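Read from first to last, the chains carry the letters A, B and C; within each, the first residue is number 1.
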């Protein structure tokens, strides 16, 4: 990988008005990645999409049960090596059947590729934690728990992270009102050391 | 009658020395601020008086009138006692320091021993302050400080043995007289290096300012102090800087004596040498980062200690051969 | 009061080892936690046995705000994330939103974006060096760095009017062209800046004490760094030659020549060297931008109301502190449906525990400094 970067540095183009390298992607983005996943877990990829067929936006929708296996496989397989969990977040669609989408934004330094995994879950459904796959998931899962109220089963230390421990609700949900204070069920903090 | 006169003269001398020392200390802080400011592309104090010359006095007044806070959970007696325990030894030591051939409070034949003994009492005050504050930061600072001061006390003590062997006396005046021809720093470079490093550590100066490492321990053992009590720690620190510099001058740089071809009074020589010492202290502070606690101990025990032992051995050996 | 002796308790425990852990609370008002970070340390003597970070003191709900205002209105909010390097955040946001469209951003705007991005990298790294050195006790470097940082802020002021939160870029380019004076002052700045970097290095790079304090402290291997999601100079300090300016070029970076520095051991010293080298490389990049800066307009034709098509994108750039990204879900209206900020400080800080356990208290301070966090972006 470092060698590849070195090459790039030498062939940088000095002309400012040079054409952008033309993209010639015919197969849907992420097809090869899908094959990697499907070879180990047939039928694990429920949906496949990419915004404007952009290679970087390749997105797989994965089932709740298979997310940990798929993640581990994608991290360890030689053709993918998604060792970096760039981002882990959630989106709330109150109208949908499965209102919460948890997103795993993966990046492979070796192959310079991105992949997004999605899991759609119901209200109150708990996610399996991926903090055993990527340690970086630890804090990000805590953040989702804090802001969306999604629980992560098996998480080593699931506490609120940004908001106070006794904050009553989950502000990144779409039904959280923008004004007023009635929605906050706020109890007077008990004196307690977090280190305890 | 003679007795009364002696006491009166001594009292006057003590009065002068204590007051002058306090004033000098106040201005040393000013000089330090100025020198560091210029090293850091700043101007330092500029507002109070011409180029901030009255700043120390303003600071003194401010500290004097500041509210004196004693934390709720503090051990009040020890808390109040601690600054005194730090300042008094630092000032008592001045009793035997020779400022010039004629000006000194008293002269005792175990002068150097007295200085080392009394100045090492300061550590009690530091530990008391750290303990009595009932704050974790202060306690950690005090522990560091105690460990550091005690270890470096040893190297300091051993490093003065070389010059002592050459001078053959513990009396500070006689040590100075023994250097009439050649300063001991030329005979005892190793001892001087160890002495200087130990002096830095002993006075908690950069790079050994761990006990009061602002960025780690906020301000170490005096975190909880304010007003005049805080000023006492400050005064004590600078007073002991002066003491240790004076000892350095006496042991290695011929005390108040200067080269004969520049006719200056002894006291002026003393002041010049003191100023040079102080400048090095300040210069180091502007330049160096801070050691870590374990590294400080390692430097002391693994490097300074063998070095100073070697020096004692060499001095004895050479003295036996040539003198 | 765990630390101060409770005699009876110590007597009880003395049958075991006679010691107990000291819980010490660092921050949020502590001089070297760089903002309002609170670290709870469990110490055995001076060794860190356990550590817990308490963050969120600066949480302002920026992501929620983003869901309720238009794409253009969110630009100034990004300033407030990593406020040390505000233009970088602007750049991340505008390039992320532009990903929805197929606008042709004029080359002049792209070059100015890269240039200002690098200036903000310099400003950020200078602040890091200043405070990091101060944490380790080198006081003078602090003020020396601020002298140059001041010059960079003056440059921002010349170009955009703001100093700290500059609100530099607009969707589709810049608000206006930068004044000639800005280019001239930038040239003057980068002419003297390399010698100033030499000055800092004189004080630190070969300083024995600095080496002792930073070498072999806070080591993280490349594998662990990836596992913890660390990005930016930290992962490069561990020897991974990965820089988004190279890997996923944006703005004018495809046309610029620079070296991505990497370390070997992944200790504090390597991160220090990497960032120092990045300062030099940034200077080089700015020089190239100035030399190659094309003329022409600085903004492309954009619609009056920004309405991205329905969809979702993730776009990230190489901020001074690491990968700074935005995940945006558009529902086809003028406001985003979801804005997710991928904060490098937050994720890098997550690695603090791994870095600190087993080290000394003094090292914790040095390690926090070497991670280079900004709480504004960590807490959002």
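The rule we apply is simple: a contact is a pair of C-beta atoms (placed from the backbone, for glycine too) under 8 Å apart; a residue touches a chain by one contact, two chains touch by 3 or more.
On a predicted model such as this, the values are computed, not experimentally measured, just so you know.
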Chain contact topology (line, ring, star, complete or other): line
Two chains sharing the most C-beta contacts: A-C
Subunit B and subunit C: spacing of chain centres that average the CA atoms, whole Å: 43
Inter-chain centre distance, subunit A versus subunit B - centres from mean C-alpha coordinates, in Å: 60
Averaged-CA centre spacing for the pair subunit C and subunit A, given as whole angstrom: 22
Residues of subunit C engaged with two or more neighbouring chains: 25
Junction residues of subunit A - those touching two or more other chains: none
Residues of subunit C that touch subunit B when the two form their complex: 1-4, 22, 24-25, 30-32, 46, 133-140, 142-144, 147, 203-204, 207, 209-210, 212-213, 360-363, 365
Partner subunit A, residues of subunit C touching it in the complex: 23, 25, 40, 42, 50, 52, 54-56, 59, 61, 63-64, 68, 99, 107, 111, 223, 226-231, 240-243, 246-248, 252, 254-260, 262, 292, 294, 311-314, 316, 323, 325, 327, 329, 337-338, 340, 342, 346-347, 349-351, 354, 379-380
Of all residues in subunit B, those that touch subunit C in their complex: 36, 39-42, 73, 131, 134, 136-137, 139-140, 206-207, 209-210, 213-216, 218, 285-295
Of subunit A, residues touching subunit C in the complex: 1-2, 5-6, 8-9, 12-18, 20, 51-52, 54, 56-57, 59, 83-87, 89, 91-92, 103, 105, 109, 112, 114, 116, 134-136, 138-140, 143, 147, 160-164, 171-172, 176, 178, 193-195
